[in-house]
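In order of appearance the chains are A, B and C, and numbering begins at 1 in each one.
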Amino acid sequence: MSLSAWVHVHYDEVGPVRWLAFALEVVAATVLFSLMLLTCVDVTGRYLFANSLDGATELTEIGLAIMLFAEMPVVTWRGGHVVVDILDRVLGSPVVKALGLLAALVISTSMYFLGVRIFELAERSLRRGVETEYLGIPTGYIVEYIAVMSWFTALGMITYGIYRILTTQPK
Amino acid sequence: ETVLHVGTWLPPTNPQNAVVWPTWAKWVEEATEGRVRVEIQDGLGHPKTLFQLVEDGVIDASFSYHGYVPGRFELPQAVEQPGLGVSAEAASVALWRTYDKYFKQSNEFAGLEVIGMFTHGPGYIHSKEPITSWEQIKGKKIRIGGGVQSVLGERMGITPVAAPAPKVYEMLQQGVIDGVFLPMGEQKALRLNEVAPNVTLLPGGMYLGSFSIFMNPDVLADLDPKDREAILSVSGEKLSQMAGKAWDAIDAEGYKVAQESGVNLIEVKETDPMAREFYSMIKGMKEEWVESVADRGIDAKAAIDELWSIARDYESGKN
Amino acid sequence: MSVVLLGFAVLLLLILVVRMPIAFAMGLVGFFGFAALQGLEFGNLTDFRWSGVLSMASYRVIDTVQEYSLSVIPLFILMGNLVTRSGLSQELYHVSNAFLGHRKGGLSMATVVACGGFSAICGSSLATSATMARVAMPPMRKYGYSDGLAAASIAAGGTLGILIPPSVILVIYGLLTESSIRELFAAGFIPGMLGILLYLAAVRYVVWRNPEHGPAGDKMAWPERLQALKGVWGVLVLFTVVMGGIYLGIFTPTEAAGIGAGGAFIIALARRRLSLAILFDTLTDTARTSAMLFGVVIGALIFSDFINRAGLPDALLSLVTGLEVTPIMVILVILAIYIVLGMVFESLSMMLLTVPVFYPLVANLGFDLVWFGIVVVVVTEISLITPPVGMNVFVLSAVLRDVKTGTIFKGVTPFWCADIVRLALIVFFAQISLFLPQLLYR
C-alpha cells in the first residue's frame, strides 16, 4: 500500500487536515519510541559501562512534553477528551450536538488565553537564562513550544473540530 | 485584617513547616498587632514554580531552593561551595548579609522581594557500603542533587544518578543507587537509617544548599507603611538566622536517630588523609564560581571572600 | 466555604448536564473559583488582574507535561499495547480460560487476578487499568461477557495498583508522615490480596444473580491446560524481567516502564507481529490515550488549587475536632469525608490535600500511622471507581471508546461494595495490615 493510500485509510479527517494529523502523530510516535529507547540505553549503560546517560531524566521530561502537545490538537479536534455521557439518551442528539459546539467554543477560548500566558512565561524564562541542569537547554524553548501548540489546539478546535461536530452523526 | 497567603512544600515535620513558618507568622502577627495574619498553604506544585507564583501574585510569599532553577540563581551558590565548613546558622547569616550588600543589585531576584536567605546543614555521604577512602567511591552509583554536587561528583569519579529526593529511599532499598549526598537530617526525615547504614562525615561537611524566602513586592508596597515596616523588621537577618538554626536542629535530630539505630558514623578527622585529599580535590571551585558569575555585574571575588569570612567568624563566635 | 460548595455544584453541572469534557470542566471551575477568591466579581471583569490566575493554570500545564515520574503513564500503556499487538492477550486468555473459564464469570476472575499481578509491577492505578483494558477486554467480549461486568472487573482490578507494592502513593504517604516506607510496602501486601479475593467474590455474586453476564466455558483437561501455558512464556518473561528488575534493584519503577515497553517491543518483533504500520498505530494509540489522561490530571490539579485556597482542609479539621466523640468515631468520620471527597477527586490530589490535615490528628489519637496509611490508600482506591468522577472508569471509557461510562459505573457497584467490606475489615482488624510489618521489621 502506498503511503498516501495508507493515510487515507487510517485517518478520518478530510483534505489537508488528514496530512496535518498524520504529521503531528509522526512526531508523537517518534518521540514516544525514543523515550522507550532512552530508558533502555540509560539503564544498560549504568550496568554495562558504569556510566548513566547524562541528562536522561531531562530528555525524558522534554520528550514527554513534545509528545503530549504534538498529540493534543488531534485528540482535541476529534472530540477525544473524556466526557461523562450518562445523560446522552435523555438529552437526544440535537442537544448533544449543541452542547458539543458549546464545549468546542469553551475549549478553544481557554486554550487560546492559556497559550498567551504560557508564551509570556516562556519569554520571561528565556530572558532570565533558565536552563536544564545537565544539558543546559534553555527551558523557555520547550515552554514556547507548549504555547504554540496550545494556540494550534485552539485553532484546530474552532475550525475543523466544529466542522466535524456539524457533519458527523452521533451514534 | 490582611491575610498573607504563604505557599510551602516539604513534609509538615520539616523544620521549615514545623518551626520557621509558624515562628515567622507569630512574629508578623505580633509586630503588626494582629492586623496582618499569615495563612500557610501546601501542594502548589513543583517548588521551582513557587518563585513564579509569588512574582505573579498567585500567593504572597514562599520559599524555594535555588538549585531547582539552574541558570537563574547563580550568585547564592557562593555559600554552597565545598570547604566552607560551617553550620547552617552561620552560613545563613553570612548569606543574608552578602545578599544585602552584593547580590541584591543583580537581576537574579527580579520581580521578588527577598526577605530571608538560608542554607540547609552540611551535606555528607550516606551509603550502603562504608566509604573510608576516595578509592571506594569511584564508579559507585550516587544520587546527587545538581549544582555544586555535580562538580563534586565529577571530581570524585562517581556515576551520577539524578532523581528527586523523595525517591531516594526506594532507590537505595532496591540498590539502584549505592549512596547519596544529603545533610544529616535526612537520616530521620527520609529514613535513610533503614537503607543507608553508613555515613561518611567529612569535617564541616562537603557542601551546602541554599534557599531564599521571598514576598511579592506589590503586596508589600500595598500594605500600610506601618505594617510593611513591621513585617520587614521581623524578616531579613533575623528570619535568616532563625531558619538556619531550625535546619541545624533537624540535622542534630538526624544524627541522634542515626546513632540510636546503629548507623556506622565514619567521622573523618581534619588530619586524616581522606580529608586532606578532599581539600585538594575541591581546589579551584571557588575561583570557578567567581568566573561563572562574571556577567552578573557584581564584585564576585569580594562577595565570596566576605561571605566566607563572616560565616567563619560567626561560627567561631557561636562556640 | 460557600464558594467551595458552589464550585462543586457548578462542576457537577458542567460534567453531567452540559457534557463538558472532564479536563476542561475541572480546569474552568478551578480557574474561576480561584479568581473569585482573589477578588473577581461581576463588576471588575475588565480591571481584574488575570495574569495571576493564568500563571497558576499555565504552570500546572507546563510542569505536569514535563513531570518525570508521570512518564510511567505513556510507557506502561505502550507496554500493554505492544503485549496486546504481539498476540499475547489472546494467549493469556486462552490460559485463563483453560484454568478458570469453566467457572461462571471465570474470565472476569482471571482479569482480577491478572490486574493484581500487573499491580505488583506498576505503581499507578491508571496505568494498570489502561494496560489491562487492552489485554483483557477483547477476550472477554469474545466469550460473550456483558460490557458492564467486563469493564468493571478491569476498573476495579486496576485500583489494586496503588496498594500492592511498589506503590508511588505509599511512598508519598510515607514521606508526608515520616512513617517507614518498607513497613508501608509490607503492610499493603495482605490487604491487596484480600482485595483480589473480595473482587473474586464480587464476580461470583454478579454471575450468581445473572449468569448471562459471564457465561461459563468448556472445561479443559490438564494436558490442554499445560499446553496453553506454553503460549504465555512471553508475558511471563516480560513480567519476570520487570518485577525481578524492580525487586533486585536493577532499575526503578519509573525506569521499569521504559524497560517493560522495550521488552514488549522485542517480544512483538520476535513473534513477527510488528510491521512499521502496526508499530506506528500502537505508538499513536498510546500517545492519544496519554494526552487525554494528562488533560484530566492537569484539570484536577487546577481544581485542587482552588479547593485548597478556599480553605477546605482547615474546615475539615475543625469539623472533625469539634465533634468530641471516641477515637474510632473520628476515624469513621474521616473515612466518610474521604468517601465523599472521593466522588470528585483523583487519588493523588486527594492524598496530597488530606493527609497533611488528618495525620497529626490520627497520631494524637494513638493510632498507628502505617495502618492509617493503608486505610487511606484503600479509601483512595475506592475513589477511583466512585461516580461521578472515577478516574479508572474514565480511563476505561477512553480506551474502550464504545462503552459508556454509565455502563461501567453500574457494573462497578458490586466491586465498590466489596471495597467497602474490605475497608471495614482493615479498619476494625488492624492486624490485617500490621501483621507483616511487625513480623518482618518490629
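Throughout what follows, a contact is a pair of C-beta atoms (placed from the backbone, for glycine too) under 8 Å apart; a residue touches a chain by one contact, two chains touch by 3 or more.
From a predicted model like this one, the values you see are computed outputs, not experimental measurements.
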| item | value |
| --- | --- |
| Most contacted chain pair (by C-beta pair count) | A-C |
| Closest chain to the centre of mass proxy, which here is the mean CA position | C |
| Chain A and chain B: spacing of chain centres that average the CA atoms, whole Å | 37 |
| Inter-chain centre distance, chain A versus chain C - centres from mean C-alpha coordinates, in Å | 23 |
| Interface hub residues of chain B, defined as touching at least two other chains | 52, 163 |
| Touching two or more other chains - residue numbers and ranges from chain A | 57, 121 |
| Residue list for chain C, restricted to those that touch at least two other chains | 51, 55, 59, 67-68, 250-251, 255 |
| Contact set on chain B toward chain C in their complex | 5, 11-13, 39, 41-46, 49, 52-53, 56-58, 163-164, 166-167, 169-171, 173-176, 188-191, 194-195 |
| Complex contact set, residues of chain C against chain A | 15-24, 27-28, 31, 51, 54-55, 57-59, 61-62, 65-68, 70-71, 74-75, 78, 250-251, 255, 257-259, 261-262, 265, 277, 279-281, 283-284, 286-288, 290-292, 294-296, 388, 394, 397-398, 404-406, 409 |
| Touching residues on chain A, where the partner in the complex is chain B | 46, 50-52, 54-58, 121, 128-134, 136, 138 |
| Contact set on chain B toward chain A in their complex | 52, 69-72, 107, 110, 139, 141, 146-147, 150, 159-163 |
| Partner chain C, residues of chain A touching it in the complex | 6, 10, 25-26, 28-29, 32-33, 35-40, 42-43, 47, 57, 60-62, 64-65, 67-72, 74-75, 80-88, 91, 96, 99-100, 102-103, 106-107, 110, 113-114, 116-118, 120-121, 142-143, 146, 150 |
